[in-house]
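Residue numbering begins at 1 within each chain, and the chains themselves are lettered A, B, C and D in the order written.
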Amino acid sequence: MSDVLLKADRASIQFGGLRALTDFSLEIRQGDLRGLIGPNGAGKTTAFNVLTGVYRPTSGDVYVGARRVNGKQPHQINRLGLARTFQNIRLFKALTALDNVRVACLSDTAPLFPVRDAAGLGGRVAAACNNYYDWWRAMLLTPGFQREEADIERRASELLEVMGLSHRRDEHARNLPYGEQRRLEIARALGTRPKVLLLDEPAAGMNTREKAELMVLIRQLRDRFGLGILVIEHDMKLVMGICEHITVLDHGETIATGDPQAVRADRKVIEAYLGDSYLETHPASGALA
Amino acid sequence: MRLRALLTLHACVAVLACEKKVESPAPAPAPAAPQAPTAAAPSAKDVILLGEIGSLTGAQATFGVSTKQGVEMAVSEANASGGIKGRKVAVQVYDDQGKPEEAANAATRLIAQDHVAVILGEVASTNSLAMAPKAQSAHVPMISPSSTNPKVTEVGDYIFRVCFIDPFQGFVMAKFAHENLKVSKAAVLKDQKSDYSQGLTDVFTRKFTEMGGTIVGVEAYAQGDTDFRAQLTAIKKAKPDAIYIPGYYTDVGIIARQASELGLKATLLGGDGWESDKLFELGGKAVEGSYYTNHYSPEDPAPQVQQFIASYKKMFGAVPDSLAALGYDAARVAMDGMKRASEPTGASLRDALAQTKDFPGAAGTISLDGARNAVKPAVVLQVQGGKTKFVTTISP
Amino acid sequence: MANAGPASGSWLKAALPLLVAVPLLAALQPLVSTMPFALYISSIVGVNIILAVSLNIVNGMTGQFSIGHAGFMAVGAYAAGLFSLRVKELAISGLPPMLSDQLLLVAALLVGGAVAAVFGFMVGLPSLRLRGDYLAIVTLGFGEIIRVVVQNTDVLGRALGLSGVPQRSTFFMVWLWVFAVVLVARRVANSSHGRSLWAIREDEIAAEAMGVNTTAYKVRAFVISAFFAGVAGGLFAHFVPILNPGSFTWVKSMEVVVMIVAGGLGSTTGAVLAAVVLTLLPEALRTLFNQFGVGGSSVDQVRMPVYGLLLVVLMLGRPQGLFGTTEVWDVLPRWMARMKKRLA
Amino acid sequence: MADFVQHLINGLAAGTIYALVALGYTMVYGVLQLINFAHGDVMMVGTFMGYAVAKSLKLDLHPSLWGVLLVFGVSMGGCAVIGFLIERFAYRPLREKPRLTALITAIGISFLLSYGFQLDFGFLPGASPHAFPEIIEPAEWLPLFGGEVVIRNTQVISFLIALLLMVGLQYLVFRTRFGTAMRAVSFDHRVAGLMGIPTDRIIAGTFMLGSALAAGAGILYAIKDTAVQPLMGLYVGLKAFVAAVIGGIGHVPGAVAGALLLGLVEEFVVGYTASTWRDAVAFGFLIIVLLVRPQGLFGRMTPEKV
């Protein structure tokens, strides 16, 4: 039993009066492949935004590794090993496929000064120097920097290859077909060396064949990079197919958790998806998907 | 990519080079400035070229335009009377948009490209100060018609002026206010954006206090403001007998109106920046009875003045303002110097100009002192019935 | 484009451009210095290029919008100017005066740049945390404040201006910096760090999610841009005899904005070309008009309105400007090919 | 004491003008999230229209209520048209483009107007200011402290007009169908469009309204400060924008409050401390507000959608 990489503990968020997410809890360990489902507006993406720090939870906590990350900046949380894709694709459209991944691959380079506490003035100054140090090296194009850049580029192209996008290397992201854009987003997310990967409807807009491939691919990613993966997906078939454990949201509330069979059989879930009228007509339930 | 970056650089330089060719009419590039006076250039053989720089665009454009017209008239008169030593005179004018860097640029142009014998300008002291070093280092005499800041002629022995300087003008108004108007408490409202206004303020406040008056308040505004109530209210509280406003007519008119609106009864005093018919349009009744110092008055009975006014009317159909008069004088002083000089350029012209004594100018008789400043009286004018009235002349 | 060099980096690759540029400029130096007017024009062009390219790092690459570049230029100009005034009499012993002057000039420029950079940080931090268009207003206000400060400070010469700064600027020095800023802009733009700037311009939220500290990057870009604006100001101070607040109004800022918009927000070479053209064109027209006896001043009169019109027309007709985000060498080959086809 | 009251009045008078201009900024920003940089210059154009009318009617010689109304009518109407044209041909084509393009266009238009009007070709006024005819016979109302403090009828009138316009605007935004539509558009103009709201017409309407307001403000401004010049729009426009941001941009009463506040702050800084720092006041104030309370005094921060 490996240790917990991502943990939400009764995280809730409200916008004005609207309770968008209530007491959302889950744990992700290395090798997990979990699903987050629910009808439209159930708060799935909101959950992602809370986990990744786009929104700060109004109550409850989010932990990445052992660190409590409430109120941390998204980029800080990402650096702790949590990467995501977006439901409405958010690639850097004017950049090439390769550059999209390069940006993500850019991990914090070897600092000029080692910074122990970034809090103190000394720490701040040192940190600032480090920041600009990167750029000085970029401007001077020092051999060390040239090497780093070369490595980054190599890693980026590897990731493109993994996602089967090598042939698109130098094309602008905006010119890629929909399916490939989704894959590029995953490649980009992987660039940040995540421990946990959050996929927001990765299969949306794909045809059945692509989806099948994607299912395989997601499993491969998990094994190859030793990830924990959380998938939002509408397509029951896909989710039931790959996820060992599923959480179901409705109106921001967790109405069911458990393995696919259990969830499939859950009355609340069926109500949420099909409305209770369905139950009256089909008393023998459990026929979802 | 770096190689390419280089190429673009090449390109820029290339552009510059050919640009230069287009611009310079002179076949051979002018020799490096300092030693050789630019008289060597062929363009100055048949005709003597005067250079003039002024701001013909922008808020105070009227100044530049008047000066230009004054210069043009002087030149055409000179040519009508057979030019200088048989050589015709021409004038090359550049606009500096009132910007110092453009003034410096224009000066460089006149020197390096047009090889002028002398440079006339600028009105604003800042711009003259931008031009002066260029003229000095190229040994081309420069005569400023109306830059009143002392620093201008301090740049070097090639820099002259045909107008009095701020210290004198400030002194005149202080004297007039104290002796003629019997003012004991005065306030000052200065234009923060203009060096000219700053200069006059400093001198006026110093002199006025020396004479035993008291300055009850100094407030500031910035050119282009339209609401002066805050400053005026503050001044009103100090209850001065007179307010000295060494600004430009564009602001003074509005200030006057708002002052009277706020019930300020104090007399308004000003400097030569007031000189413009716009003052009466903007100020209306409010500027009536105000006084300001100036370089000359159209009412001055002196023959050369009246003759100047007459021919100016003939040429431009308007009564010349003081800047036209000063432009006229600057050009004539320059040409007078050329007549006396062995060679109408460079050092010999400088020496000739330095000798200028009791020259009958339209704006008063001009004698240049050791500091190359004109020593001449100033006139005090009063606004009456929408035009200026000559009050008195005050000599140094 | 050199996205990344060979696996083993080399100092040669890093230094090559300078090794080429320095001799080239050194060769041109004596030629230009005999032509005062060409010298002046080339200096102005150079300064404008530096301004345009540096502003392009913020407005073009990072997609923020600063319209107070003249403010930073002013800070740099006055800082460098004061420094040079202080060391006017000094000379570095054991060096030919010419050389020591140039070294002192470099020092002055660095001072100017550094001070401007500090101001850039102070202005940038608050406004760059907010949504884009606040920056526009704050930078604009900053320019105004600088003006007022200068007018109230005796050391800075108040409204009359600061004169007596040694006129040490040379063609070599100006264009060396032009070269430096272009090189820096290109190298940053091509590095993964620079790509992060583009990422911010493209989609700030996604950039954040990919671990880009967007605020820090924006501020950093802003600081570097301010630094070079300061250097440009410093150079300006060393070939214009008097420094006056009137030279650094927001009209100046707008000129620079027009340059980068016309050149194509994000295109360094575009900025360079636009800067050259927009600086030389008025000069050329003025000369032309004067030769035909038409008042050259009308050129300067219509300049500003035309700039305004240019902005509108560009945004409506060709928002990507001359080159969009690409560089000349990306465009030229294609363009030439098209020309060939057309001719054939 | 007297001077204090006088300063108070001056400050309010100045603030009133800022307020009227700021309202236009705020409305346009509300519906388009666009800083309409050209707003102040539209005001300037409107003022020159009024100037032309007043001149041709010789209103300063024989003032008449109808004449005054005509001045306001013409300039406000004219500006409404200009506002419409600008929106239609400069902003609408860019609505789906990145916000930057629209901002640059706005700046371009501002430049075109403010410097175009400085050309002294033909009908254009030229750079130097013109005296604005006294279309309302200036008189002193209710002299306080034995005439020490002066309150002008014009000041009172413009103050009342400003309040009136603000209340009217508030009513329009929150009580009328047009206002409902405006708010819908400002929330999300695409969705509003889908809901069958004629987005284009609403936005155009907003622009016309804002521009008309600006013109009115311009005339009052010219009456107050007795002069018109091409650059007046730039300064007042910027100050008004600052006021709008201080009050919380997009917020109608906030804009007015911010404007009055700014007017007073400027007045008292100049009146009681060094007047040489005047121009720095507004922007210094702005930067402080942005540091302390970025959303302005009344505004709310809206989380960006992901």
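We take it that contacts are C-beta pairs under 8 Å (C-beta built on N, C-alpha and C of every residue); 3 or more make two chains touch, one makes a residue touch a chain.
All values derive from a computational prediction rather than experimental measurement.
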Trace the shortest chain of touching neighbours from subunit B to subunit D and give its length in steps. 1
If I rank C-D and B-C by number of C-beta contact pairs, which comes first? B-C
Please indicate which chain is farthest from subunit D, where distance is taken between mean Cα coordinates of the chains. A
Could you grab the centroid distance between subunit A and subunit B? Build each centroid from C-alpha atoms only and quote it in angstrom. 71
As a quick test, compute the distance in whole Å between the mean CA positions of subunit A and subunit D. 47
Any idea how many Å lie between the Cα centroids of subunit C and subunit D? 34
Please compute the C-alpha centroid of subunit B, do the same for subunit C, then give the distance between them in whole Å. 34
Residues of subunit D that touch two or more other chains sit at 274, 276, 278-279, 306
Can you list the residues of subunit B that touch 2 or more other chains? 57, 192, 222
Within subunit C, the set of residues that touch 2 or more other chains is 148, 151-152, 183, 205, 301
Going by the contact rule at the top, pick out the subunit C residues touching subunit B in the complex. 1-2, 16-17, 20-21, 24, 28, 32-38, 40-42, 44-45, 49, 148, 151-152, 158-161, 163, 167, 175, 178-179, 182-183, 186, 190, 236, 240-242, 244-247, 269, 272-273, 276, 280, 283-284, 286-287, 290, 295-297, 300-301, 327-329
Counting only contacts in the complex, subunit D reaches subunit C at residues 35, 89-90, 93-94, 97-105, 107-113, 115-116, 118-119, 238, 241-242, 245, 274, 276-280, 282-284, 286-287, 290-291, 294, 304, 306
As the complex stands, subunit A meets subunit C at residues 52, 54, 73-76, 78-79, 83-84, 86, 90-95, 98-100, 102-107, 131-132, 134-135, 138-147, 149-150, 152-153, 188-189, 191-192
Would you tell me which residues of subunit B are touching subunit C in their complex? 1-6, 8-9, 12-13, 15-17, 19-20, 22-24, 29-33, 56-57, 92, 94-95, 97-101, 104-105, 108-109, 111-113, 125-126, 129-134, 138, 149, 151, 192-195, 197-199, 222
Give the list of subunit B residues in touch with subunit D in this complex. 57-59, 61-62, 192, 219-222, 224-227, 229-231, 233-234, 236-237, 250, 253-254, 257-258, 261-263, 278, 281-282, 284
